[in-house]
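Shared between the two complexes below is chain A, which pairs with chain B and chain C, respectively.
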Partner chain A sequence: MEKYDKLEKVGEGTYGKVYKARDKVTGQLVALKKTRLEMDEEGIPPTTLREISLLQMLSQSIYVVRLLRVEHVEKNGKRLLYLVFEYLDTDLKKYIDTYKRGPNPRPLPSRVTQSFLYQLCKGVDHCHSHGVLHRDLKPQNLLVDKDKGILKVADLGLGRAFTIPLKSYTHEIVTLWYRAPEVLLGATHYSIGVDMWSVGCIFAEMARRQPLFAGDSELQQLLHIFRFLGTPNEDTWPGVSSLRDWHDYPQWKPQSMALALPMLESDGIDLLSKMLEYNPSNRISAKDAMEHPYFDSLDKSQF
Partner chain B sequence: MPGVGEMEAAAAELNAQQAVGAVANALEKLVARNDLVTAATIAEEGGGKGRGVAAFRGLRRPAISIEKYMERIHSYSLCSPACFVVAFVYVDRAVHRRPDLLVGSLNVHRLMLTSVMVASKFFDVMAQSNAFYAKVGGVSNAELNNLEIELLCLLDFNVNVSSHEFESYLSHLEKEMLASKTHPNFANHSGIGGQQNYV
Partner chain C sequence: MEFDFDLENPFSGSDEQNIQLSKALFIGSTDSDEPSLLFSAESDHMSSLAVALDQLSTRCHALSLIVQAQFSNNLDPALAYLAVNYIDRFLAKREIPNEKPWIARLLAISCLSLASKMKKTSFSPADLQREEGFIFDARTIRRMELLVLGVLEWRMRSITPFSFLRFFTSYFPLANPIIIQSLKTHASQILFKSQNDVKSLEFKPSVIAAAALLAAARELFPAHFLSFRTALLCCEYLNKESLAECCAAMESYDTTAGIEAASNGCDSAYSALTPVTVLDRHRAGLESEKTAGSASNG
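Presenting the complex of A and B:
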């Protein structure tokens, strides 16, 4: 890895460290994700395997983080795998935090929320149209270039090609706060709706500057959702009572989304309600979301 | 998504015996043909320790047939039967990328062990570790780790298989199987050699 100057450690994943580095020849900034391979019972982690092969397929979209190359190196008899990504300076979580904390707390400019949500839908649509579910969309996994106002989908470690569903999917996916109700209720087959639910939660989080549903257990997570959107039933979500983990829950009526999220105008509220639709088959797709009137005031030609 | 429904049905209905049988049948024909070609050259080279294509070559021909070997892998690892078809896709891809990779009796076991393991890691919800596959397959953990990275480099990490590809490989393998059953004497002349798209 003499090709790169390591500048600083920017993160630590399950399987190794992430460095900010500079390509010595081109001067390009990159993120190096290191995976140790040697003397390991597991071999290449399944998450790394999926991330590499899915990113190779998806990297041509500018709304998905670009995997520049995979470097397989040997050093002192140890074998290492470096994933070389383009470098972006921050992520959406840190970006939201700068508006929440610091000397001058203020809402995100609504233009930024609109533009980021549009780019997120573009990235997600790109994954879905290639048969890939992301399954772990959350602000930490969305990389942001502050100056250029660009947002990209990253971290496809939990991504799944849904082209060959061999066995039913695990429901151990997606950080709790962004997890769709069908997953929380134990659905064994799910689809693009799980990602769109997460997109809705992220949309609301940009508007509120804090998570929409911050549960600390699966049950608490469901109750947060039910309290806000009303407890679902066979009328609002046909089939819900036959899901594996369905129980009799307290009955809540839906709250007014417009009152809870006064910073969003009516088109924004309408789009959010379509993303947080209970019935996964009625939940809006990324492609349709991009055509929603909420984006009418956005100059789409720049994307 | 187009094709997902049918794919699901095809992958779910696939039983292990059929999948292993069909893949073994295609591989055995291929190995028989390639062994004739390589018989002269193998004796001159060492085995096992090389890099790239050579890494998969053992020193001697394993006593266990490729079919029994795959049955053994399946019975211990409990990977999805579809992984054997996907593994065949990987071997075919590797062969197309590296014309010097001749699948023969000295490397077919290691190729399939590694390919099935990678297929299961990629597609199955729960996959066994490399250490587990190494024990089942009769190689060391370190060697299998090495073979895994060699295979992935041969494939340029392209391990996703679309439903369309899966379907067409499966139907090819099944046709081959049928052809072998009905015309055993012509087995070596049917299919594979003439079908440019497959191994």
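Presenting the complex of A and C:
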């Protein structure tokens, strides 16, 4: 990896260490994700091969963080694989934090929220139209170029290939805040709706500057959701009571979304309610979301 | 559980939502006029397929091994086809000296191994090589795999004609699953043969798929051939001229049978492949190769 100057460690995330680095020849800033390649007699493991080629395919969208190169290094008998990604200076979590804390706390400009949500839908639609679910959308996984106002989906798909060999790195507790109710209830078959739920939670978080459902256990997470949206039943969500982890829960009536999120105008509330639809098959798709009236005032030609 | 369905087999998902997702890929979730992603993406995968003329003998060496592997190990034609796609993309970027046919063989074995990993099928390079009497050790194959991955920039999800078979069979006038299956099986064999002609690199994967299905329909279900062709010609994603050209090329493969047809684009001397003679024959055939390569109508 003598091609790169490692500048600083920017993360020790789910899949291993991440460094900010500079390409010595071009000066380009990159994010290096190091991972130990478990190669045996069979060579490159099929899962790794499939994951990386999937990433390559998806990173053709500008709304997905671009995988620039894959570098294979053998050092002291250890085989390492570096994934070289484009570098963006911040992520949506840190970006929201600058509006929440700092010297001048204020709401995110509604145009930024609108534009970021649109770009998020673009990236998610790109994945979905390639048949790929992200499954772990959260503000930390959305990288932001604040000067250009660009948002990109990151940390795609690597879950299966790298989680197991790098288990020692995963001290981080997996956040449940963006997890769809069908996943929390143990559904075995789920689809694009799981990502759209996360998109809805992220939308609300941009508006509120704090997470919408901040549960610290699966049960607490469900109760947060039920308290806000009302406890689901066979009328509001056919089939819910036959999900594996369904129990008898306290009965709550749905709260008014408009009252809870006064900073969102009515189109925004309508779109959010379609993203937080209980029945996954009625939940709005990324493609349909992009056509929602909430985005009518957005200049889509720039995307 | 695997959540990403295979772009090469978008309809293989058994779970209902996966299938809905696959359909979205072809027809768009809400708007049926929307061009499908697969059709719009396929051109990207063709850009680098121009194999230089002086690489044709290397291609022959590599492909004859793939043909052999396919027949002796009964490999899925889609897997073999994918391996050949890797070989073509590799040769478009890297030159392999003609006088080193063993590199072509190493390339073929590595590409088969990579394709089988992508397809999640088990394939042991050792089994193949035992029959060959020519063994590369695991380390050598491993290094070649990494070289291929580097040259192909880890872009291993090639769109091949096999990606389109299921979609186009929906245009066939009969919906009987047994008939559709036999149509697909026969078209798969035709596809695999057709790949050996370098001319096939000129056509889009979707066009090749449609042409192979038409050829299969003509042979197996001649009574329905015309209505199938009429239906396919109405498909908005297919260029009619290109399809006609591809069909003409495809007919020429079909007049010959078996491995002979498979080596059509290379050299007719490879028709009877045996492990011992294959390399000699390749060498003997190199001189006449360029003319034979373009004489696919004969």
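Convention: the second predicted complex is superposed on the first by the 268 of 303 C-alpha atoms of A that agree within 3 Å, B and C clash if a C-alpha of one lies under 4 Å from a C-alpha of the other, contacts with A are read in each partner's own complex, and residues count from 1 in each chain.
Keep in mind that, in the parts below, a contact is a pair of C-beta atoms (placed from the backbone, for glycine too) under 8 Å apart; a residue touches a chain by one contact, two chains touch by 3 or more.
Owing to the predicted nature of the structure, the values given are computational and were not obtained by experimental measurement.
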- Query: Taking the superposition as given, does A:98 touch the first partner, chain B, the second, chain C, both, or neither?
  - Reply: neither
- Given the touch rule stated above, what does A:285 touch, chain B (first), chain C (second), both, or neither? second
- Thinking of the overlay built on chain A, is A:236 touched by chain B (first), by chain C (second), by both, or by neither? neither
- In the overlay, answer first, second, both or neither for which of chain B and chain C A:190 touches. second
- Using the superposition on chain A described above, determine whether A:54 touches chain B (first), chain C (second), both, or neither. both
- Figure out whether A:135 sits in contact with chain B (first) or chain C (second), or with both, or with neither. second
- Query: Once the two structures are fitted together, what part of chain A is touched by chain B and by chain C alike?
  - Reply: 39, 41-44, 46, 49-50, 52-54, 56-57, 70, 72, 131, 191
- Item | Sites on chain C touched by chain A in the complex | 1, 3-7, 10, 15-18, 20-22, 24-25, 28-30, 37, 44, 113-114, 117-118, 120, 138, 141-142, 145-146, 149-150, 153-157
- Per the touch rule, the chain A residues reaching chain C in their complex are 39, 41-46, 49-50, 52-54, 56-57, 60, 69-70, 72, 128-133, 135, 157, 188-192, 285, 287-288
- Item | For the chain A and chain B complex, residues of the former touching the latter | 37-44, 46, 49-50, 52-54, 56-57, 70, 72, 79, 81, 131, 161-170, 191
- Contact set on chain B toward chain A in their complex: 1, 3-4, 7-8, 11-12, 80, 82-83, 86, 117-118, 121-127, 129-131, 141-142, 144-146, 148-149, 152-153, 156-163, 166
